[in-house]
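Here it is, the structure in full.
Chain naming follows the written order as A, B, C, D and E, and within any one chain the residues start at number 1.
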Amino acid sequence: MKSKLFIILLLTVGLVFSVVGAASASGTLVFGSSGDVSGLDPADVTDGESIQRMDNIFEGLVEFESGSTLIKPCLATSWETSADGTEIVFHLREGVKFHDGTDFNADAVVFSFARQYDTTHPYNQYGEWPYWGYMFYDVDRMEKIDDFTVKLVLKRPNASIMTSLAMFTVCIVSPTNAEKYKEDAFKNPCGTGPFKFVEWVKDDHITLEANENYWRERASLDKLIFKVISDPSARLMALEVGEVQGIEYPNPADLDRIKANKDLKLLTEPGMNVGYMAMNEGYGYIDENKNGVRDLDSEPLVKTPGYFEPLTKKEVRQAINLAIDKQSIVDNLYMGTAIKAKNGMPPFMLGYNDAIEDYPYDPARAKELLAKAGYPDGFEVTLYVMPVSRPYMFDPPKIGEAIQSYLAAVGITVKFYQVDWGTYLQETMEGNHQMCLLGWTGDNGDPDNFMNVLYGANACSIGTAGNYAFYTNNTNQELLSAALATYDEEKRAAYYKKAQEMIHEDAGWVYLAHSNQNMVFKSNVNGFVINPTSRYFFYPVVIE
Amino acid sequence: MKRTRETKTHELVRRLKYNKSAVFGLAIVVILILCAIFANYIAPNSPTPSPPELFKALKPGFWSEDKVEGMPLGADAMGRCILSRILYGARVSLTAGFVAVGIAMILGITFGTLSGYYGGWVDALIMRIVDIMFAFPALLLAIVIVTVLGQGLDKAMIAIGIVYTPQMARIIRSSVLYIKEMEYIEVQKAIGSSDARIIFRHVLPNSIAPVIVYGTLMLASAILDCAALGFLGLGAQPPTPEWGAMLSKSYSYIVSGAWWAATFPGIAILFSVIGLNLLGDGLRDILDPRLKT
Amino acid sequence: MMYHQDKARRDMKTLLEIKNLKTHFFTHEGTVKAVDGVSFKINQGETLGIVGESGSGKSVTALSVMRLIPHPPGKIVGGEIYFEGKDLLKLEDKEIRKIRGKKISMIFQEPMTSLDPVFTVGYEIGEVIQLHQGLNKKEARKKAIEILKIVGIPDVEKRIDNYPHELSGGMRQRVMIAMALSCNPTLLIADEPTTALDVTIQAQILRLINELKGEFGASVMLITHDLGIIAEMCDNVAVMYAGHIVEYTDIYTLFNHPLHPYTKGLSKSIPRMNIEVEHLDTIPGIVPNLLDLPSGCPFHPRCDFSFKRCVEEMPELIEIENSHLVKCHLVKKRIRSKKVEWKNW
Amino acid sequence: MKWYITKRLFMLIPVLLGVSILAFSLIRLAPGDPAVTIAGQHASPQVISAIREKYGLNKPLTTQYWIWLKQVLHGDLGRSIVSNEFVAKEILERFPNTIELTMLSMFFAIIAGCIAGIISASRQYSIFDYSIMGLALFGVSLPVFWLGIMLMMIFGVWLRWLPISGRISMMISFQRITGFYLLDSLITGNLAAFISSLRYLILPSIALSTIPMATIARVTRSSMLEVLRQDFIRTERAKGLSERMVIYKHAVRNAMIPVITVIGLNFGLLLAGAILTETVFSWPGIGRYVVNGVTMRDYPVVQGCVLFFASMFVIVNLITDIVYVYIDPRIHYG
Amino acid sequence: MEKLVEVKNLKKWFWIGKSPLGKKKAVRAVDDVSFYVGKKEVLGLVGESGCGKTTCGKTILRILDPTEGQVYFNGQEITHLRKKEMIMVRRKMMIIYQDPFGSLDPRMTIGSTIAEPMEVHKIGSKKEQEERVIEIMEKVGLLPDQINRYPHEFSGGQRQRIGIARALATGPEFIVADECVSALDVSIQAQIINLLQDLQKEFGLTILFVAHDLSVIKHICDRVAVMYLGKIVEAAPKRELFNDPKHPYTQALLSAIPIPDPKFRKKGQILMGDVPSPVNPPSGCRFHTRCSYVKTICREEEPELKCFENNHYVACHLFSNPVDTNLSGSAR
């Protein structure tokens, strides 16, 4: 009896400690991601986490070619643009069904668009629709022509509208689903994509499963799970022991180890991103008509909640730029997985101004400037520190601490403020911060998607801001608008270069780095392609 | 009696000598206090160098070929000397502990004495409040208080002080209840001493033993709880070299092989708490056998 | 009459014989010689009283017989204890356990704390019966009821399932006695059995012990500080002082012709119901600290008759007449007598 | 007995009321409009005004308290500011994980702690005693979060024996019924899920049980020594009982009485430890939930967790009180 | 004889069972007791444990507040005096305790312990107080150079001397000696008894001597009152009581005491049973449950304390012919 018990005990212990665990035979891919999503409505999110889930659930009228920013048909089979460039007619794909069984048709398309721009739309109240203001302010309306034909009407010609249409913001959602869940629709996403939503366990994981009725071939994966493992090392551990089959943002300190491991493969691509620290210059506007543009007459500048006297002074902002040794941060904290940034967009993009000379690391000069601005003894300032790692910023708390130490050297005391990612975005959009760490990954590869979204005065609207320094320079905005209105690339480049100079001089941002995108997969996972836009499409992925 | 006369202090010292573990505990505590006082003399580096020496980030200490000079215990993720941060951390932790326990003592002694000495509705009221506070795990209560007060080391100290107050109040109360029943207190009533005189001249001096004993033990848990709050990011904020906060910043690097950043601050906490526990246990054995549980 | 009693006793068989027992406690402060060379014996059917002040070593002597000295710090460092011919100190633990509670049983001073609070009295008594008599639970319970009736517990059927805290002090002491007698012991050690009780209850318990002693034919070793109880209960008395027996004699001699100055002083210093005096005689000084005993005779600092030799030399226990032993230099000086030879006794 | 339990239950009322007052005041003390706080940040003005109406936020505080209390008794703890989800629902989803973790840890702690304490006491001053008590001293002095990290480092990172974060392997399809993983996997006969969830449970529960284990060992030992010094132990020995009987029958039962109090109190320690352990091991329980709640200033979440933890603790103390009655016959008087 | 302390219908009940649901129950520790202590008299108050004798003593000193009844000191009613007024009385009455360990503050030197009552009552200057302390210490047999020592450095008997010295410091008229020799060893007990007797004579003290040991009471007291379950059952001058105990309880008590002389071995009646609980005392005469002479009336009616010849008071239905019926009611 006793010996039997002992054997059973031994067996249990053996089983429990067996490293093998459950074999990953099935078509399940668990992806270790750094943070949880803020919501699952494609039109109502801005963070990569949420977008990357939705890329697999939803589809838009058009989509990007894999690994590039070229457009190809998706839910629209073809389209025609009117001569003046203000009307585009889309012919929709027939026989597509949403995950809930609803038919995809013109009504669904109109619904997905109209709820964002039409304030009288019954579903308008359930979202903030933050991207609409950035990218689609030129859209007037979407009209149904017949069941499978729609017409997009623009207020004025916009060269980048087709790439914008490949964005998640205008993915088509199921109207019946939205009706069913109303304000909770964001928790119950329903699209036409290759994967269906199964469950979202907050702070833990999101499970998707293959859409059996997908209009293309069914995905190779049966199940796709996004598991939140916020700690990069724990994430790598989980990959190494086979808990997950792929991870994002590995700890740069671990890259050598990853390369040495035959069981793993490292994917690296230059990132279309920028990581920065923004300093709140103090003023924004309230976009009352929600047109995404600051109407100079009716929408005056008001103090942001995070208004902080010293940061309103250019000398101070320049001093802060001078006080931080970016090279050291890039070398030691990014560990060489990034290049030092001096401008607000990556160097390979159109209009990048390489002539600009970056602020050097010069604490002495910084102190002088501070004294000149009237703060010889420095001041205390609050820094919003991101709780999650992003492609453009690895381990923000560490970078925050580095900045804290550098600024301490010139007499500025930095206090940290940390909240969860969703709230973080919310609060920074509202301008609650004095300084914040943030960054940007391009959506469509157009410089406008950096310059206008991040640095334009129109993006200073309190509550939906993208310009986190609240750099409200209208001259600059005019340059950016002009760049968008013309199709002449040289002209555009010139406008952007000029704008970058102004931005550099104003010093509202400390640009830290443009980092490479690093992803690690088990070596038996094939087919994943890193996109410049940092969007994750798992449809082509195969586990062998 | 032929034996030489022995005062209480002599007796205490003699009994302390027999209690080896208490002596050991005392030694640790003394070392800890010395570290705290002289941190700026003995620490090889600044705990928060500014500008930072990022190039030293996560470099190992004396045990490795790759060691970073002048940092015997290696460097943390920010390239700061772990040993120096631990030494300065002693200052932070001890201060936090003493302040928290001090708050608990002042409040606890006041309420405990009132409750125990006067009894009746005063006692009932205070004890009900104590019961309610006891319905929360200490750390949770501290967290709740921090939620209201806001994060930071100063707030954490206050929170822990408040959290420990009911415990101290109960100890004092039971001690007062016990002493109150002693005949030498009854004599005071027979003589006609005033309540204040009885409390300050007789009751409190005789409650010193449990106060010292539990104060010491409480100091140990205050340091632990303070570190716990720091670990959760609710206590000391960066770049304060607080042991718990150091841990929370460093433990993600153990996978990358930088075990030292997470190991040493923990050992510092462990040893200071062991020291205080040993000392407290020893003092309990020596001062007041009645307190043994 | 005295003579006859003595004669009768001499013919009785010796039950317990203690020779030169030494029990010391080793503490941080030093060695406490709680019992330091004690010798006496108890015959079958006899009641021996051991009397002395606190710290004189009475209880330690009793516990040594039971081998219940807590170790550490206590230890029996020397001597022999012969019980029914066997030296108890040489027995294995297993063997001594067969004697404890069966042949030798003990009643303690504090009836309030001497019973396990979480078991019923029936269980407690049943346990010892089961252990030593091999009876099953049911039989043991029956036996327990019987014995509880004998010790005079009213309403036994109900009381047997009571917990100790539900009984009064007197009742608890009765339960203790019942437990002690349940296996018909040949020696009953009663360590201050009535000190914690009121006089009226004390009288009840003392009478009970006396009655049962006759009924069960046991010898009794009665430890007390109260000379009244000694007078009431005992045949022979040993007077202890600071770990030594200073006088050993029969009860009548003790009260009529005590020889040791301590015994004399003791009996004069108690207020008596039967005699009225204006002023009590007192023994000066205080009971000595066992850690710091005076040299020579431990009583010499308090003795009115002490002389040089008392300070220097420990007196021997000598037999003055039949069964009257005294440990005092004075006595030796006055009455020349031989040293006790236990074997000739 | 019945009366005793009723009495204890009645004595809970003021404590629970006090707890609720404390939880209630949390939101009022916190900065911001309580209506927005309760409704959640994403709520529309209509919802907010409905909340204001529902909770009577313009009425006096006492009225507000009663209204709020009624809502709580109906299971309405408001919505999380961050997730906009009902707090009660989120707590309900997470508490099985916390219960599983704490109960398993408590079980380990009681068994191992008591045995170690008893053996230690029965062999006082032996090598075994010294080593157990030395370990126990370490145990009570350990910061639980550091212990968790060290376990992770040794068994997870270096030896690769056990997983270091999460509740169950993501590779395993698993059907939730009660929310208790071990139980559910047994019900569904899913051995792989059972083993996997057990594997995930081991490190956190070792980390969590160490401190109460050490405390219980220490208390058991000193309680045993205390009992062994008592008069009745001498009586039992005088009866001729073997040392085994004396210790395991008489001493242990008596010694357990204070130990039970300590176990009850330690449960509080355990819950506090769970907050830390769950954070270290990314355990999807209430502890991590409340920490997130605090960092995000998600007051309704903190409030809900406070109520949850306090009620758990109160219930455990009630159970302790009831266990007393079975162990200590004297309690009838109390 | 002139009365120094007079007690009338004194009651002291302790409330137990404080639960919100349960009914309040009272321990009737002292239940309607009347007696007096004459000037320079030693009155022995004797009874078994729990009979209320100690409570009675403490209630007289107002260490405990009486539930009902009055206490007169020197003709002044002190039961309702306020704190400030009471202080003047307190210096005239003191207490000596049983436990020589518990009654001294372990953290005070014996000098300050003895001086404490003087400090409280602001008698004399610091120096005068010190002189007085040394004087008293010599009186009670302590060496003046021990003045700065702490209680733990003394033996039990010496501590009892310190307690006595403290009680004498303010020059009191009345002392309650609460079992003050019970905890001492026999040889030490005699020393303390003698000391008390000497001091009583020297200072003309009035003493209420509370004890359970009848032989000590007999030795030291002038008059004796016997208590049973919160009541006085018999009170008489010493010889009268010991030679002619009337109440069956007193008789039983006397016969229960073992006499240290084998010639006096008892063969007589022994009182059976236990003392009933003071929470729920028996109806009628409280002794009836154990009395061998019990009659029907004993169960129903409570006997009054009546005075017989030779100042001998008895509360028993067996004796129904008091000498002076006028005194009944508030017997003394």
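The criterion applied here is as follows: contacts are C-beta pairs under 8 Å (C-beta built on N, C-alpha and C of every residue); 3 or more make two chains touch, one makes a residue touch a chain.
Treat the numbers as computed from the prediction; the structure is a model and nothing was measured.
Undergrad: Higher C-beta contact count, C-E or A-D?
TA: C-E
Undergrad: Let me spell it out: compute each chain's centre from its C-alpha atoms, then which one is farthest from chain E's centre?
TA: Centre of mass proxy via C-alpha means gives A as farthest from chain E.
Undergrad: If you average the CA atoms of chain B and of chain C, how many Å lie between those two points?
TA: Going by mean C-alpha positions, chain B sits 52 Å from chain C.
Undergrad: Averaging over Cα atoms per chain, report the distance between chain D and chain E in Å.
TA: Chain D and chain E have C-alpha centres separated by 54 Å.
Undergrad: Just give me the whole-number Å value for how far the CA centre of chain B lies from that of chain D.
TA: 24
Undergrad: Report the inter-chain centroid distance for chain A and chain B in whole angstrom, where each centroid is the mean of the CA atoms.
TA: 46
Undergrad: Which chain D residues reach two or more other chains?
TA: Answer for chain D, listing residues that touch two or more other chains: 157, 295, 297.
Undergrad: Where in chain E do residues touch two or more other chains at once?
TA: In chain E, residues 155 touch at least two other chains, as defined above.
Undergrad: Could you please specify the touching residues of chain D with respect to chain B in the complex?
TA: Per the stated touch rule, the residues are 14-16, 18-19, 22, 26, 29-30, 137-138, 140-146, 149-150, 152-153, 157, 219, 222-223, 226, 258, 262, 268-273, 275-276, 279-280, 290-291, 294-295, 297, 299, 302, 305-306, 309-310, 313-314.
Undergrad: Could you please specify the touching residues of chain E with respect to chain B in the complex?
TA: Contact set of chain E toward chain B: 58, 61, 63, 86-87, 90-91, 93-95, 97-99, 102-108, 116-117, 120-121, 149-150, 152-153, 155, 166, 170.
Undergrad: For a test of understanding, state which residues of chain E touch chain C in their complex under the given definition.
TA: 48-49, 155, 157-158, 185-191, 193-194, 197, 212, 214-216, 218-220, 242, 252-262, 264-266, 270-272, 274-275
Undergrad: For chain C, which residues are in contact with chain E within the complex?
TA: Chain C residues touching chain E: 53-54, 168, 170-171, 198-204, 206-207, 225-232, 251-252, 255, 265-267, 269-274, 276-277, 279-284, 286-287, 302.
Undergrad: Which chain C residues qualify as touching chain D in the complex?
TA: Per the stated touch rule, the residues are 63, 66, 68, 70, 72, 93, 97-102, 105-106, 108, 110, 113-119, 127-128, 131-132, 163, 165, 176, 179.
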